[in-house]
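Labels A, B and C are assigned to the chains in the order they are written; within every chain, residues are numbered from 1.
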Amino acid sequence: MGNIMLEVNGLTTKYVTRFKENVYAVSDVSFTLEEGRSVGIAGESGCGKSTLALSLMGYYFAPLHYIKGDIIIDGKNISGMKPDDVRKNVLGTEIAYIPQAAMNALNPTRKVIKFIEDVIRAHDPKATKKDIFDLARQRFEVLNLPVETLYKYSVELSGGMKQRTVIAVSTILSPKVLIADEPSSALDVTSQKMVIKMIRDLMDLGLIKSMIFITHELPLLYNVTDDIMVMYAAQLVESGTADQMIFDPLHPYSKGLMGSILVPEDGTRDVKLVAIPGTPPNLKKPPEGCRFAERCVYATPKCKVSGVAYHDFDNNRKCRCHMSENELREAYANEQ
Amino acid sequence: MKNHIRQVLRSGKFMTGFIIIMLILLLVAVYPLLNPGNPLEMIGYNSFVKPGVYFSLYDSLDMESRHVYRFRLEGADELRIYNKFGTEDRIAVKEWLVRYGEREGVPGLTEEEIDVDDRYQLLDLWWEHYDPTLRLGMTIAASRVYQRLDARVAGIFNLEDYNVYTIWNEELEEYEVHQTTVVNDDYVNVNDIANRIWLPLGTENFGRDVMKQLVHAIRTSLMIGLVAGTIATAIGLLLGLVAGYVGGIVDDIIMFFTNLFTVIPGIVLLILISYSIGQEQRGAMTVAVVIGLTSWIWTARSVRSQVMSLRSRDHVNLSKLSGHSMPRIVVRDILPYVASYVVMAFVLQVSSGILAEAGLSMLGLGPKTTDVPTLGLMMNWAMRYTAHLMGAWWAYYPVVGVIALISFSLNLMNTGLDQVFNPQLREG
Amino acid sequence: MSSDNIEKAYSKENRELCLSGKGVTKVFGFGNRKTLAVDNVDFEFYTGDLISIVGESGSGKTTLIKMLLGLTSVTDGKIFFMGKERDIRTRQKKKEYWKGIQAIFQDPFSSYNIFNKIDSVLLDCIHMRGGRRLKKKEKIEMMREACSFVNLKFDEMTNKYPFELSGGQMQRLMIARIFLLRPKILLADEPTSMIDACSRATILDMLLKLRDEIGMMIIFITHDMGLAYYVSDTVYIMEKGKFVEYGSADEVVLNPKAEYTKQLLNDVPKIHDPWEFSRNRREVTAPD
């Protein structure tokens, strides 16, 4: 058990639309992340996983608004901080964020080393050029990136190379938490594997202390993170280790999600794909009871009326369901 | 679609612009009804009469048809002094007094001690010291000026004045000369005076009512803007659609001409065409057509680029696969998508059409001057007859204001529409 | 996919050449800015088959599809439809060709004209099949049948605009459109890539139903190896405008021959055989 790097308690945030409607995109999210571990967040598009990533940074600007909850990074609560303080004291050193199209964030008129200079100077204005270069070279060597890249412009790099460079630049200050939001989904599979390998190297070398990886691709998540959390309609519905979640999901929604995995491996052709009927609820007016009740085959009248807490199951798992672990297993067994 | 219209009506910017334009249109519609007549009629013998209500001096003195009322009003004298003892008179009084003080050695009569703005001090000093017999080393003509000034100053307080008027004597079949006394305290009711004229914006150099001219000019200029905008938008839309959808050699040819027009500055083209038409042939509509024919380029270019990106959208491909003909695809599957842009472009074209007309007319290349007034022509007249040197602000400031207001409100409408149809521009 | 179907598709007597091409090439641009999008490709697609064309972005698979549909001109080579060289020189001939070959595109949100109601999409199809003169009631009956084929309720669809539907519903409606048109060949260009994993199964099931119940040949374009493996009988792997390998799905996926296919399969994230660096890590950190 390592130190707790990130602790999130009851985080709730909302979007305010142009018509002044509230969309509760993250609702009562709690989890902890230990040093040296990585967690993946899976869910359908629109379930709030990207918003959760933005909310975790503590960097709120319209139309995203903070409502309540704590974000504690290595003992420091950042949830009430002003955006300016967050930018100066949290981003880069405590948290680094890599969005999907990060590779397009490089200004094409500047060399890569300039971005590294910017990042370091923002936190240590006195750093000399030599220090910066030494640090950058060392980091690039460790990550198996060619050192020449430092003196190249972003247009001279390929997509995968650009994405790896961006990740190297944004983690140069060795942040405690790396939040990667679909960092490889715009890339071809070969580049994707290289990007993932580099992120894993960063973790293994201890250059980043922990990681949150967001994607809708479950096979990818299985290959990247130690743990997986499943998000549905702005809430976490289940979490566990990657193996538990992929091969033994308990929550009916996770079960459905895992049943939709397609991989080019022997035996997967004979498995019947199962679809979950219906559509997710409208987050402007989330339902009173369990948010999945409308689409759940095992739902009882109770599910539609009363909500359920995100509670512990055996083997360090958590689940948001009225049924107990045994009841769920029984229901699945009867199904077959 | 319905949703979009609701959003447009909810957009503050659009509605502000729309209301301003509607108020201007209301003025254009209503004012001529209340105040009919030819806007180019020369009603005044003087040029640049300042704004205000004018009434016939003759009618106000006509004792037979008026009631005279007597009022003892406090401050009436002060107002009179204030109004009648003008700056030039006061400067003249001061000059004489200073000259007198130097000559006679009277203390207190120096340049520094006399305040031109203190009317009462000036009057007191004048009455105390003025002597018409003193020449003070001036020519006779110069001292005459001061004698007349003295009479004028005395006139301010004259209690009795004489008024001569004539009445038709039917028995003698000739005009009789009557004389009556008008006292300081005599008043007439303005409504009793037979002939009055209200000139809200005075007259210009030809003695024509500026307000009436302005209202007609707004109407003509809006028509020019609308016609020019319609022509420019229609040409631009047609060429843009054809070039963008058909592509290939047709696109190349159309874009060749569009690029050709792009590199020639529009205003130069406009000046050359207008000049070659000649002053007499240039009606307001001719100018509108000329403006329309020279300003379609940007509409064509942007419609083309939008159509090119729409052409590769899947719904167009599906429409093709459903066997629809090209005109149908263009009208049903492409046009609705560019319609919002075209409406916005049209609004801007109207605004730039009005500005182009004003620019051309300023240069003397606008519609012929004997037909109808336009905003540009009014500016041209004001400039040519040096209204700005005469201090006749009413001849050009209202025109400038109206031009600015019209293009401001049209641009505001455009911005409002833009925010509704381009979600990236939405605030908050 | 049951093995019966595969046998049926590959049994000699059922194999009838449906769509084939010889030396099909597409070049974009002129002179030294010339790019070869599709490079001298030969293919033979048979009736009743479900073919996947797998390639990464930029491999030329979308260009190939556009050429097969006749939406883009063919620079070089010949395309044969039902045994004869296809002729799409006039609009009338194109219309005739499109009765036999139709498509579903990747992005359901851009596949609809947002200014037209849903009914008009389906009506167009009925008219194209020569049903222009039918009575209104019969047309509605046909639309109702098409909607129920894709598990949509016609009464909920009618008089609505496409943007009022979810992505999955839109894509299902696209399948309803194909159901009404009944072409011989359906080209599905990544029909599930913009749709949530949970609704993906529904779309795939419906495509299979089209094949099984109407006997349509389906060409499925995708970049997802797993999806191609699950859904298709025959897999074509495309790289830089060329087919580098093709064969039955099991053959290509489980026993790849081409270098590119091997690399692709190696780099795709899998769950039973994870990447080596992930596997190592998991063994170290996994709790007992």
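The criterion applied here is as follows: a residue touches a chain if its C-beta (ideal position, glycine included) is under 8 Å from a C-beta of that chain, and two chains touch if they have at least 3 such contacts.
The shown structure was predicted, so the numbers you read here are calculated from the model rather than taken from an experiment.
Of all chain pairs in this entry, the one linked by the most C-beta contacts is A-C.
Of all chains, B has its CA centroid at the greatest distance from the CA centroid of chain A.
Of all chains shown, the one whose average CA position lies nearest the global CA mean is A. One simple way to say how far apart two chains are is to compare their mean CA positions; for chain A and chain C this gives 32 Å.
Centroids of chain B and chain C (each the mean of its C-alpha atoms) stand 66 Å apart. In this assembly, the C-alpha centroid of chain A lies 63 Å from the C-alpha centroid of chain B. Contacts with at least two other chains are made by no residue of chain C. Residues 1, 56-57, 166, 168, 196-202, 204-205, 224-230, 249-250, 253-254, 263-265, 267-275, 277-278, 281-282, 285-287 of chain C are the ones that touch chain A when the two sit in their complex.
Every residue of chain B that touches chain C in the complex is listed here, in rising order: 1, 313-315, 317-325, 332-333, 336-337. Within the complex, the chain C residues that touch chain B are 69, 71, 91, 94-95, 98, 102-103, 105-107, 110-113, 115-116, 124-125, 128.
Every residue of chain A that touches chain C in the complex is listed here, in rising order: 36-37, 44-45, 188-190, 192-193, 196-197, 200, 204, 216-220, 222-224, 226, 241-243, 246-247, 256-257, 260-270, 273-276, 279, 316.
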